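Two complexes come next, and they have one chain in common, chain A, joined by chain B in the first and chain C in the second.
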Partner chain A sequence: MMNRDELLKIISVLDFYALDLQLYLNTHPTDRDAIQKYNNVVKRAKELREEYERTYGMLTPQNISDSPWRWIENPWPWQYKFNFDLEGDECNVDL
Partner chain B sequence: MSVMWIYDKKLQFPVKIKRPDPRMARLIITQFGGPDGELAASLRYLSQRPSMVTPMAKATLNDIGTEELAHFEMIQSMVAQLTKNASIEDIKGSGYEPYYVDHGKGTYPVQAAGTPFSAKYFQSKGDPRTDLYENLAAEQKARSTYEYLLNLADDPDVIQPLRFLREREIVHFQRFGEALRYVQDYLSDKKRFSYGKMKK
Partner chain C sequence: MNEDMTVAKPLATCIPQEQSLHNVQLAHAYVPFQKLCNTFRPLDGFRKGTIFPELYDVYGWERKGREDDCDDE
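So, the complex of A and B:
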(Lines of atoms letter the chains of each structure in order from A and count residues from 1; the text may use other names and numbers.)
(Lines give C-alpha, C1' and ligand atoms only; values in the text may rest on other atoms or scores of the structure.)
Protein backbone atom coordinates (compact mmCIF):
# COMPACT_ATOMS: atom_id res chain seq x y z
CA MET A 1 0.00 0.00 0.00
CA MET A 2 1.43 3.35 -1.05
CA ASN A 3 1.20 6.36 1.25
CA ARG A 4 -0.43 9.61 0.13
CA ASP A 5 2.70 11.31 -1.13
CA GLU A 6 3.88 8.26 -3.08
CA LEU A 7 0.49 7.89 -4.68
CA LEU A 8 0.21 11.59 -5.50
CA LYS A 9 3.68 11.56 -7.00
CA ILE A 10 2.92 8.66 -9.34
CA ILE A 11 -0.43 10.17 -10.38
CA SER A 12 1.34 13.47 -11.11
CA VAL A 13 3.98 11.71 -13.19
CA LEU A 14 1.39 9.75 -15.18
CA ASP A 15 -0.83 12.80 -15.73
CA PHE A 16 2.14 14.74 -16.98
CA TYR A 17 3.18 11.90 -19.26
CA ALA A 18 -0.38 11.80 -20.66
CA LEU A 19 -0.52 15.57 -21.20
CA ASP A 20 2.80 15.64 -23.00
CA LEU A 21 1.64 12.80 -25.27
CA GLN A 22 -1.67 14.60 -25.81
CA LEU A 23 0.11 17.71 -27.11
CA TYR A 24 2.35 15.53 -29.28
CA LEU A 25 -0.61 13.60 -30.70
CA ASN A 26 -2.42 16.83 -31.57
CA THR A 27 0.19 17.36 -34.28
CA HIS A 28 1.01 13.66 -34.92
CA PRO A 29 -2.48 12.09 -34.94
CA THR A 30 -1.43 9.00 -36.91
CA ASP A 31 1.36 7.84 -34.58
CA ARG A 32 -0.05 4.51 -33.43
CA ASP A 33 2.70 3.78 -30.90
CA ALA A 34 2.11 7.09 -29.16
CA ILE A 35 -1.64 6.47 -29.03
CA GLN A 36 -0.99 3.03 -27.51
CA LYS A 37 1.30 4.61 -24.92
CA TYR A 38 -1.26 7.33 -24.22
CA ASN A 39 -4.01 4.76 -23.65
CA ASN A 40 -1.86 2.77 -21.22
CA VAL A 41 -0.85 5.84 -19.25
CA VAL A 42 -4.42 7.12 -18.97
CA LYS A 43 -5.72 3.70 -17.83
CA ARG A 44 -3.07 3.36 -15.15
CA ALA A 45 -3.61 6.94 -13.96
CA LYS A 46 -7.34 6.30 -13.64
CA GLU A 47 -6.81 3.25 -11.41
CA LEU A 48 -4.40 5.11 -9.16
CA ARG A 49 -6.72 8.12 -8.97
CA GLU A 50 -9.53 5.90 -7.73
CA GLU A 51 -7.21 4.41 -5.12
CA TYR A 52 -6.10 7.88 -3.99
CA GLU A 53 -9.61 9.28 -3.79
CA ARG A 54 -10.91 6.35 -1.71
CA THR A 55 -8.49 7.21 1.09
CA TYR A 56 -7.25 10.76 0.73
CA GLY A 57 -10.22 12.67 -0.66
CA MET A 58 -11.46 14.08 -3.93
CA LEU A 59 -9.08 15.20 -6.67
CA THR A 60 -11.93 16.55 -8.79
CA PRO A 61 -15.46 17.53 -7.77
CA GLN A 62 -16.90 15.05 -10.32
CA ASN A 63 -16.82 12.32 -7.72
CA ILE A 64 -18.73 10.77 -4.85
CA SER A 65 -18.06 12.05 -1.33
CA ASP A 66 -18.50 10.84 2.25
CA SER A 67 -20.17 13.16 4.74
CA PRO A 68 -19.07 15.81 5.58
CA TRP A 69 -18.35 17.04 2.04
CA ARG A 70 -14.76 16.09 1.29
CA TRP A 71 -14.03 18.55 -1.53
CA ILE A 72 -13.29 21.38 0.91
CA GLU A 73 -10.67 19.45 2.87
CA ASN A 74 -7.28 21.08 3.47
CA PRO A 75 -4.61 21.32 2.24
CA TRP A 76 -5.04 22.90 -1.22
CA PRO A 77 -2.44 22.56 -3.97
CA TRP A 78 -0.85 25.99 -3.51
CA GLN A 79 -0.03 25.15 0.12
CA TYR A 80 3.33 23.77 1.21
CA LYS A 81 1.69 20.88 3.05
CA PHE A 82 -0.17 19.62 0.00
CA ASN A 83 2.90 18.91 -2.09
CA PHE A 84 5.33 16.00 -2.02
CA ASP A 85 9.11 16.29 -1.81
CA LEU A 86 11.07 15.65 -4.97
CA GLU A 87 14.44 15.07 -3.26
CA GLY A 88 16.08 15.25 -6.65
CA ASP A 89 15.34 11.64 -7.57
CA GLU A 90 13.87 10.47 -10.80
CA CYS A 91 10.53 8.73 -10.70
CA ASN A 92 10.06 5.71 -12.91
CA VAL A 93 6.62 4.24 -13.23
CA ASP A 94 5.91 0.78 -14.56
CA LEU A 95 3.05 0.57 -17.01
CA MET B 1 -20.76 18.29 -17.24
CA SER B 2 -21.76 21.91 -17.04
CA VAL B 3 -18.43 23.61 -16.73
CA MET B 4 -15.72 24.46 -19.22
CA TRP B 5 -12.94 22.92 -17.14
CA ILE B 6 -12.83 20.57 -14.19
CA TYR B 7 -10.45 21.65 -11.47
CA ASP B 8 -7.86 19.01 -10.62
CA LYS B 9 -6.87 19.44 -7.00
CA LYS B 10 -3.13 19.08 -7.45
CA LEU B 11 -0.28 20.98 -9.10
CA GLN B 12 1.15 19.93 -12.45
CA PHE B 13 4.57 19.84 -10.78
CA PRO B 14 5.08 20.05 -7.00
CA VAL B 15 5.97 23.34 -5.31
CA LYS B 16 7.40 22.81 -1.82
CA ILE B 17 9.53 25.75 -0.73
CA LYS B 18 10.93 25.65 2.81
CA ARG B 19 12.83 28.96 2.96
CA PRO B 20 10.97 32.30 2.72
CA ASP B 21 12.49 34.64 0.13
CA PRO B 22 10.46 37.80 -0.58
CA ARG B 23 13.14 39.04 -2.99
CA MET B 24 12.61 36.01 -5.24
CA ALA B 25 8.81 36.23 -4.84
CA ARG B 26 8.91 39.79 -6.15
CA LEU B 27 10.78 38.61 -9.26
CA ILE B 28 8.83 35.42 -9.93
CA ILE B 29 5.52 37.34 -9.76
CA THR B 30 6.29 38.53 -13.29
CA GLN B 31 5.38 35.07 -14.58
CA PHE B 32 2.01 35.48 -12.83
CA GLY B 33 0.95 38.83 -14.31
CA GLY B 34 3.78 40.09 -16.53
CA PRO B 35 3.99 40.51 -20.33
CA ASP B 36 5.51 37.05 -20.92
CA GLY B 37 3.77 35.41 -17.98
CA GLU B 38 1.46 32.44 -17.74
CA LEU B 39 -1.79 34.41 -17.53
CA ALA B 40 -0.97 36.31 -20.72
CA ALA B 41 -0.02 33.04 -22.40
CA SER B 42 -3.23 31.30 -21.41
CA LEU B 43 -5.49 34.18 -22.43
CA ARG B 44 -3.58 34.64 -25.68
CA TYR B 45 -4.05 31.05 -26.85
CA LEU B 46 -7.60 30.65 -25.58
CA SER B 47 -8.63 33.98 -27.16
CA GLN B 48 -7.17 32.96 -30.52
CA ARG B 49 -8.85 29.54 -30.73
CA PRO B 50 -11.75 30.41 -33.09
CA SER B 51 -9.33 31.73 -35.74
CA MET B 52 -7.62 28.37 -36.14
CA VAL B 53 -8.40 26.54 -39.39
CA THR B 54 -7.03 23.01 -38.91
CA PRO B 55 -8.05 20.44 -36.28
CA MET B 56 -4.42 20.26 -35.13
CA ALA B 57 -4.13 23.99 -34.53
CA LYS B 58 -7.48 24.16 -32.70
CA ALA B 59 -6.47 21.35 -30.35
CA THR B 60 -2.99 22.76 -29.86
CA LEU B 61 -4.23 26.21 -28.82
CA ASN B 62 -6.97 24.78 -26.65
CA ASP B 63 -4.69 22.39 -24.80
CA ILE B 64 -1.63 24.63 -24.42
CA GLY B 65 -3.92 27.49 -23.30
CA THR B 66 -5.22 25.13 -20.65
CA GLU B 67 -1.79 23.93 -19.56
CA GLU B 68 -0.73 27.57 -19.07
CA LEU B 69 -3.43 27.88 -16.42
CA ALA B 70 -1.76 25.04 -14.54
CA HIS B 71 1.50 27.00 -14.78
CA PHE B 72 -0.29 30.12 -13.52
CA GLU B 73 -1.23 28.10 -10.45
CA MET B 74 2.35 26.83 -9.98
CA ILE B 75 3.70 30.39 -10.08
CA GLN B 76 1.03 31.51 -7.63
CA SER B 77 2.02 28.66 -5.30
CA MET B 78 5.68 29.67 -5.50
CA VAL B 79 4.94 33.31 -4.66
CA ALA B 80 2.59 32.33 -1.84
CA GLN B 81 5.09 29.92 -0.26
CA LEU B 82 8.04 32.30 -0.65
CA THR B 83 6.21 34.96 1.37
CA LYS B 84 4.01 32.99 3.78
CA ASN B 85 6.54 32.78 6.62
CA ALA B 86 8.51 35.91 5.74
CA SER B 87 8.85 38.29 8.69
CA ILE B 88 8.82 42.06 8.38
CA GLU B 89 12.57 41.89 8.93
CA ASP B 90 12.85 39.52 5.95
CA ILE B 91 10.76 41.92 3.85
CA LYS B 92 12.73 45.06 4.76
CA GLY B 93 15.49 45.64 2.23
CA SER B 94 14.39 42.69 0.06
CA GLY B 95 12.83 44.73 -2.73
CA TYR B 96 9.42 43.33 -1.80
CA GLU B 97 8.39 46.48 0.10
CA PRO B 98 6.60 48.35 -2.74
CA TYR B 99 4.58 45.22 -3.51
CA TYR B 100 3.96 44.69 0.21
CA VAL B 101 2.36 48.09 0.75
CA ASP B 102 -0.07 47.48 -2.14
CA HIS B 103 -0.84 43.77 -1.75
CA GLY B 104 0.64 42.48 1.52
CA LYS B 105 1.20 38.78 0.97
CA GLY B 106 -1.64 38.48 -1.52
CA THR B 107 -0.90 37.21 -5.05
CA TYR B 108 -1.83 39.93 -7.55
CA PRO B 109 -1.00 39.75 -11.28
CA VAL B 110 1.73 42.32 -11.88
CA GLN B 111 5.04 42.28 -13.69
CA ALA B 112 8.28 42.38 -11.71
CA ALA B 113 8.51 46.17 -12.12
CA GLY B 114 4.98 46.55 -10.69
CA THR B 115 2.73 47.26 -13.70
CA PRO B 116 -0.59 45.40 -13.32
CA PHE B 117 -1.64 42.74 -15.79
CA SER B 118 -3.06 43.93 -19.11
CA ALA B 119 -4.63 42.34 -22.20
CA LYS B 120 -2.26 44.65 -24.11
CA TYR B 121 0.36 41.94 -23.61
CA PHE B 122 -1.09 39.82 -26.43
CA GLN B 123 -2.91 39.90 -29.71
CA SER B 124 -5.69 37.95 -31.35
CA LYS B 125 -5.40 39.01 -34.95
CA GLY B 126 -7.96 36.82 -36.68
CA ASP B 127 -5.30 35.34 -38.98
CA PRO B 128 -4.10 31.88 -37.96
CA ARG B 129 -0.60 32.33 -39.35
CA THR B 130 -0.11 35.70 -37.66
CA ASP B 131 -1.36 34.34 -34.36
CA LEU B 132 0.84 31.25 -34.51
CA TYR B 133 3.92 33.37 -35.26
CA GLU B 134 3.08 35.48 -32.21
CA ASN B 135 2.77 32.31 -30.14
CA LEU B 136 6.18 31.04 -31.24
CA ALA B 137 7.71 34.34 -30.14
CA ALA B 138 5.74 34.28 -26.89
CA GLU B 139 7.12 30.86 -25.96
CA GLN B 140 10.67 32.08 -26.60
CA LYS B 141 10.10 35.18 -24.49
CA ALA B 142 8.77 33.06 -21.64
CA ARG B 143 11.78 30.73 -21.94
CA SER B 144 14.14 33.72 -21.70
CA THR B 145 12.29 35.01 -18.65
CA TYR B 146 12.66 31.65 -16.91
CA GLU B 147 16.37 31.68 -17.73
CA TYR B 148 16.77 35.16 -16.21
CA LEU B 149 14.87 34.00 -13.12
CA LEU B 150 17.08 30.91 -12.88
CA ASN B 151 20.17 33.16 -13.04
CA LEU B 152 18.86 34.95 -9.94
CA ALA B 153 17.69 31.88 -7.98
CA ASP B 154 19.83 29.89 -5.54
CA ASP B 155 17.36 27.65 -3.67
CA PRO B 156 16.90 24.16 -5.20
CA ASP B 157 13.23 24.25 -4.08
CA VAL B 158 12.79 27.28 -6.36
CA ILE B 159 15.07 26.10 -9.15
CA GLN B 160 13.30 22.78 -9.76
CA PRO B 161 9.85 24.17 -10.65
CA LEU B 162 11.43 27.02 -12.65
CA ARG B 163 13.37 24.50 -14.71
CA PHE B 164 10.24 22.46 -15.31
CA LEU B 165 8.39 25.57 -16.51
CA ARG B 166 11.27 26.57 -18.78
CA GLU B 167 11.24 23.15 -20.41
CA ARG B 168 7.51 23.39 -21.08
CA GLU B 169 8.08 26.58 -23.08
CA ILE B 170 10.43 24.65 -25.34
CA VAL B 171 7.85 21.89 -25.87
CA HIS B 172 5.12 24.44 -26.58
CA PHE B 173 7.35 26.20 -29.11
CA GLN B 174 7.87 22.86 -30.86
CA ARG B 175 4.13 22.09 -30.99
CA PHE B 176 3.18 25.58 -32.24
CA GLY B 177 5.79 25.22 -34.98
CA GLU B 178 4.26 21.93 -36.12
CA ALA B 179 0.76 23.41 -36.00
CA LEU B 180 1.94 26.39 -38.08
CA ARG B 181 3.43 24.17 -40.79
CA TYR B 182 0.12 22.35 -41.27
CA VAL B 183 -1.80 25.63 -41.28
CA GLN B 184 0.50 26.91 -44.01
CA ASP B 185 -0.01 23.71 -46.06
CA TYR B 186 -3.73 24.03 -45.61
CA LEU B 187 -3.88 27.67 -46.62
CA SER B 188 -1.57 27.26 -49.58
CA ASP B 189 -3.52 24.31 -50.95
CA LYS B 190 -6.95 23.99 -49.40
CA LYS B 191 -8.18 21.36 -51.86
CA ARG B 192 -5.49 18.75 -51.48
CA PHE B 193 -5.33 18.90 -47.71
CA SER B 194 -6.52 15.78 -45.98
CA TYR B 195 -5.41 13.54 -43.14
CA GLY B 196 -4.29 10.95 -45.67
CA LYS B 197 -1.71 13.30 -47.08
CA MET B 198 -0.17 14.50 -43.88
CA LYS B 199 3.58 14.44 -43.70
CA LYS B 200 5.04 12.40 -40.90
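So, the complex of A and C:
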Protein backbone atom coordinates (compact mmCIF):
# COMPACT_ATOMS: atom_id res chain seq x y z
CA MET A 1 0.00 0.00 0.00
CA MET A 2 1.59 3.31 -1.05
CA ASN A 3 1.65 6.18 1.46
CA ARG A 4 -0.12 9.45 0.74
CA ASP A 5 2.89 11.26 -0.69
CA GLU A 6 3.79 8.44 -3.06
CA LEU A 7 0.19 8.11 -4.22
CA LEU A 8 -0.15 11.85 -4.72
CA LYS A 9 3.13 12.00 -6.62
CA ILE A 10 2.26 9.19 -9.01
CA ILE A 11 -1.25 10.56 -9.59
CA SER A 12 0.27 13.95 -10.47
CA VAL A 13 2.85 12.30 -12.73
CA LEU A 14 0.23 10.25 -14.57
CA ASP A 15 -2.10 13.24 -14.89
CA PHE A 16 0.74 15.23 -16.49
CA TYR A 17 1.42 12.40 -18.93
CA ALA A 18 -2.28 12.26 -19.84
CA LEU A 19 -2.43 16.03 -20.26
CA ASP A 20 0.51 16.06 -22.68
CA LEU A 21 -1.15 13.32 -24.68
CA GLN A 22 -4.38 15.33 -24.75
CA LEU A 23 -2.47 18.21 -26.32
CA TYR A 24 -1.01 15.82 -28.90
CA LEU A 25 -4.41 14.25 -29.60
CA ASN A 26 -5.97 17.69 -30.16
CA THR A 27 -3.86 17.92 -33.32
CA HIS A 28 -3.69 14.20 -34.08
CA PRO A 29 -7.22 12.89 -33.38
CA THR A 30 -6.81 9.75 -35.47
CA ASP A 31 -3.51 8.56 -33.96
CA ARG A 32 -4.55 5.17 -32.56
CA ASP A 33 -1.28 4.56 -30.72
CA ALA A 34 -1.63 7.84 -28.89
CA ILE A 35 -5.24 7.03 -27.97
CA GLN A 36 -4.14 3.64 -26.67
CA LYS A 37 -1.40 5.24 -24.56
CA TYR A 38 -3.89 7.84 -23.33
CA ASN A 39 -6.46 5.23 -22.30
CA ASN A 40 -3.78 3.25 -20.47
CA VAL A 41 -2.62 6.18 -18.41
CA VAL A 42 -6.10 7.51 -17.67
CA LYS A 43 -7.18 4.08 -16.47
CA ARG A 44 -4.11 3.81 -14.17
CA ALA A 45 -4.61 7.33 -12.80
CA LYS A 46 -8.31 6.67 -12.12
CA GLU A 47 -7.52 3.53 -10.12
CA LEU A 48 -4.91 5.34 -8.03
CA ARG A 49 -7.16 8.36 -7.52
CA GLU A 50 -9.91 6.08 -6.17
CA GLU A 51 -7.38 4.39 -3.88
CA TYR A 52 -6.19 7.78 -2.66
CA GLU A 53 -9.69 9.05 -1.99
CA ARG A 54 -10.74 5.87 -0.16
CA THR A 55 -7.84 6.37 2.26
CA TYR A 56 -7.12 10.08 2.41
CA GLY A 57 -10.32 11.76 1.35
CA MET A 58 -11.33 13.75 -1.71
CA LEU A 59 -8.84 15.18 -4.17
CA THR A 60 -11.65 16.93 -5.95
CA PRO A 61 -15.10 17.61 -4.48
CA GLN A 62 -17.00 16.16 -7.45
CA ASN A 63 -17.33 12.72 -5.90
CA ILE A 64 -19.92 10.84 -3.93
CA SER A 65 -19.33 11.60 -0.29
CA ASP A 66 -19.67 9.67 2.93
CA SER A 67 -20.50 11.46 6.11
CA PRO A 68 -18.87 13.61 7.34
CA TRP A 69 -18.12 15.77 4.28
CA ARG A 70 -14.30 15.65 4.19
CA TRP A 71 -13.63 18.25 1.53
CA ILE A 72 -13.05 20.91 4.20
CA GLU A 73 -10.27 18.93 5.88
CA ASN A 74 -6.58 19.85 5.72
CA PRO A 75 -4.10 19.60 4.15
CA TRP A 76 -4.49 21.81 1.07
CA PRO A 77 -2.30 21.86 -2.06
CA TRP A 78 -0.77 25.22 -1.17
CA GLN A 79 0.38 23.95 2.21
CA TYR A 80 4.06 23.13 1.89
CA LYS A 81 3.87 19.89 3.89
CA PHE A 82 1.22 18.63 1.47
CA ASN A 83 3.65 18.66 -1.40
CA PHE A 84 6.14 15.99 -2.38
CA ASP A 85 9.63 16.27 -3.79
CA LEU A 86 10.67 14.59 -7.02
CA GLU A 87 13.60 12.66 -5.63
CA GLY A 88 13.95 8.99 -6.34
CA ASP A 89 12.60 6.94 -9.20
CA GLU A 90 10.00 4.81 -7.46
CA CYS A 91 7.07 6.45 -9.21
CA ASN A 92 8.53 6.02 -12.68
CA VAL A 93 6.11 3.53 -14.15
CA ASP A 94 6.13 1.92 -17.57
CA LEU A 95 2.81 2.35 -19.29
CA MET B 1 2.01 -5.60 -17.82
CA ASN B 2 2.80 -2.79 -20.21
CA GLU B 3 0.91 -3.69 -23.41
CA ASP B 4 2.88 -1.46 -25.72
CA MET B 5 6.43 -2.25 -24.56
CA THR B 6 7.70 -1.16 -27.93
CA VAL B 7 11.44 -0.79 -28.33
CA ALA B 8 12.42 2.89 -28.27
CA LYS B 9 12.87 4.22 -31.79
CA PRO B 10 16.08 6.15 -32.52
CA LEU B 11 15.40 9.86 -31.95
CA ALA B 12 16.68 10.79 -35.41
CA THR B 13 13.80 8.84 -36.94
CA CYS B 14 11.24 10.65 -34.83
CA ILE B 15 11.16 13.88 -36.77
CA PRO B 16 9.57 13.38 -40.23
CA GLN B 17 11.89 14.93 -42.78
CA GLU B 18 10.14 16.93 -45.50
CA GLN B 19 11.24 15.62 -48.87
CA SER B 20 10.87 18.87 -50.68
CA LEU B 21 8.81 21.97 -50.21
CA HIS B 22 7.01 23.34 -53.26
CA ASN B 23 6.41 27.05 -54.00
CA VAL B 24 7.83 28.13 -50.69
CA GLN B 25 6.31 31.49 -49.65
CA LEU B 26 8.07 34.37 -47.99
CA ALA B 27 7.12 35.11 -44.39
CA HIS B 28 5.57 31.67 -43.92
CA ALA B 29 6.71 29.19 -41.28
CA TYR B 30 7.14 25.52 -42.21
CA VAL B 31 7.00 23.24 -39.18
CA PRO B 32 7.32 19.45 -39.56
CA PHE B 33 4.19 17.76 -38.24
CA GLN B 34 4.89 15.73 -35.10
CA LYS B 35 4.35 11.99 -35.34
CA LEU B 36 4.13 10.04 -32.05
CA CYS B 37 7.45 8.27 -31.61
CA ASN B 38 8.79 7.51 -28.13
CA THR B 39 7.64 9.00 -24.86
CA PHE B 40 9.62 9.53 -21.68
CA ARG B 41 8.58 7.44 -18.70
CA PRO B 42 6.00 9.45 -16.76
CA LEU B 43 8.19 10.71 -13.91
CA ASP B 44 10.96 11.72 -16.35
CA GLY B 45 8.42 13.56 -18.49
CA PHE B 46 7.05 15.29 -15.39
CA ARG B 47 10.54 16.47 -14.43
CA LYS B 48 11.44 17.53 -17.96
CA GLY B 49 8.17 19.27 -18.71
CA THR B 50 7.26 17.17 -21.72
CA ILE B 51 6.70 13.47 -22.39
CA PHE B 52 7.99 13.80 -25.95
CA PRO B 53 11.79 13.37 -26.33
CA GLU B 54 11.80 15.14 -29.67
CA LEU B 55 10.32 18.24 -28.02
CA TYR B 56 12.66 18.20 -25.05
CA ASP B 57 15.88 20.18 -24.84
CA VAL B 58 15.07 22.07 -27.99
CA TYR B 59 16.99 25.01 -26.52
CA GLY B 60 19.89 22.97 -25.22
CA TRP B 61 19.33 23.91 -21.56
CA GLU B 62 20.60 20.53 -20.41
CA ARG B 63 23.93 21.04 -22.14
CA LYS B 64 24.35 24.57 -20.71
CA GLY B 65 23.47 23.47 -17.19
CA ARG B 66 20.26 24.37 -15.40
CA GLU B 67 20.89 28.06 -14.59
CA ASP B 68 19.87 30.74 -17.02
CA ASP B 69 23.48 31.59 -18.08
CA CYS B 70 23.00 33.60 -21.23
CA ASP B 71 26.43 35.22 -21.11
CA ASP B 72 28.18 32.40 -22.92
CA GLU B 73 26.05 32.86 -26.05
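As a convention for this text, the second predicted complex is superposed on the first by the 89 of 95 C-alpha atoms of A that agree within 3 Å, B and C clash if a C-alpha of one lies under 4 Å from a C-alpha of the other, contacts with A are read in each partner's own complex, and residues count from 1 in each chain.
As a working rule, a residue touches a chain if its C-beta (ideal position, glycine included) is under 8 Å from a C-beta of that chain, and two chains touch if they have at least 3 such contacts.
Being a predicted model, the structure only gives us computed values, none of them experimental.
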Partner chain in contact with A:N40 - chain B first, chain C second, else both or neither: second
Touched partner set for A:L8, first chain B, second chain C, both or neither: first
Contacts of A:N26 with chain B and chain C, given as first, second, both or neither: first
Which superposed partner A:Y17 touches (first chain B, second chain C, both, neither): second
First, second, both or neither for A:Y80, with chain B first and chain C second: first
In the superposition, chain B vs chain C on chain A residues touched: B
First (chain B), second (chain C), both or neither touched by A:Q62: first
Residues of chain A that lie at the interface with chain B and also at the interface with chain C: 12, 16, 20, 24, 27-28, 86
Residue ranges of chain A in contact with chain B within the complex: 8-9, 11-12, 15-16, 19-20, 22-24, 26-30, 58-62, 71, 76-80, 82-86, 88
Complex contact set, residues of chain A against chain C: 10, 12-14, 16-17, 20-21, 24, 27-28, 31, 33-34, 36-37, 40-41, 86, 89, 91-95
Touching residues on chain C, where the partner in the complex is chain A: 2-5, 34, 36, 39, 41-47, 50-52
Partner chain A, residues of chain B touching it in the complex: 1, 6-18, 55-56, 59-60, 63-64, 67, 73, 76-77, 80-81, 84, 156, 160, 171-172, 175, 178-179, 182, 195, 198, 200
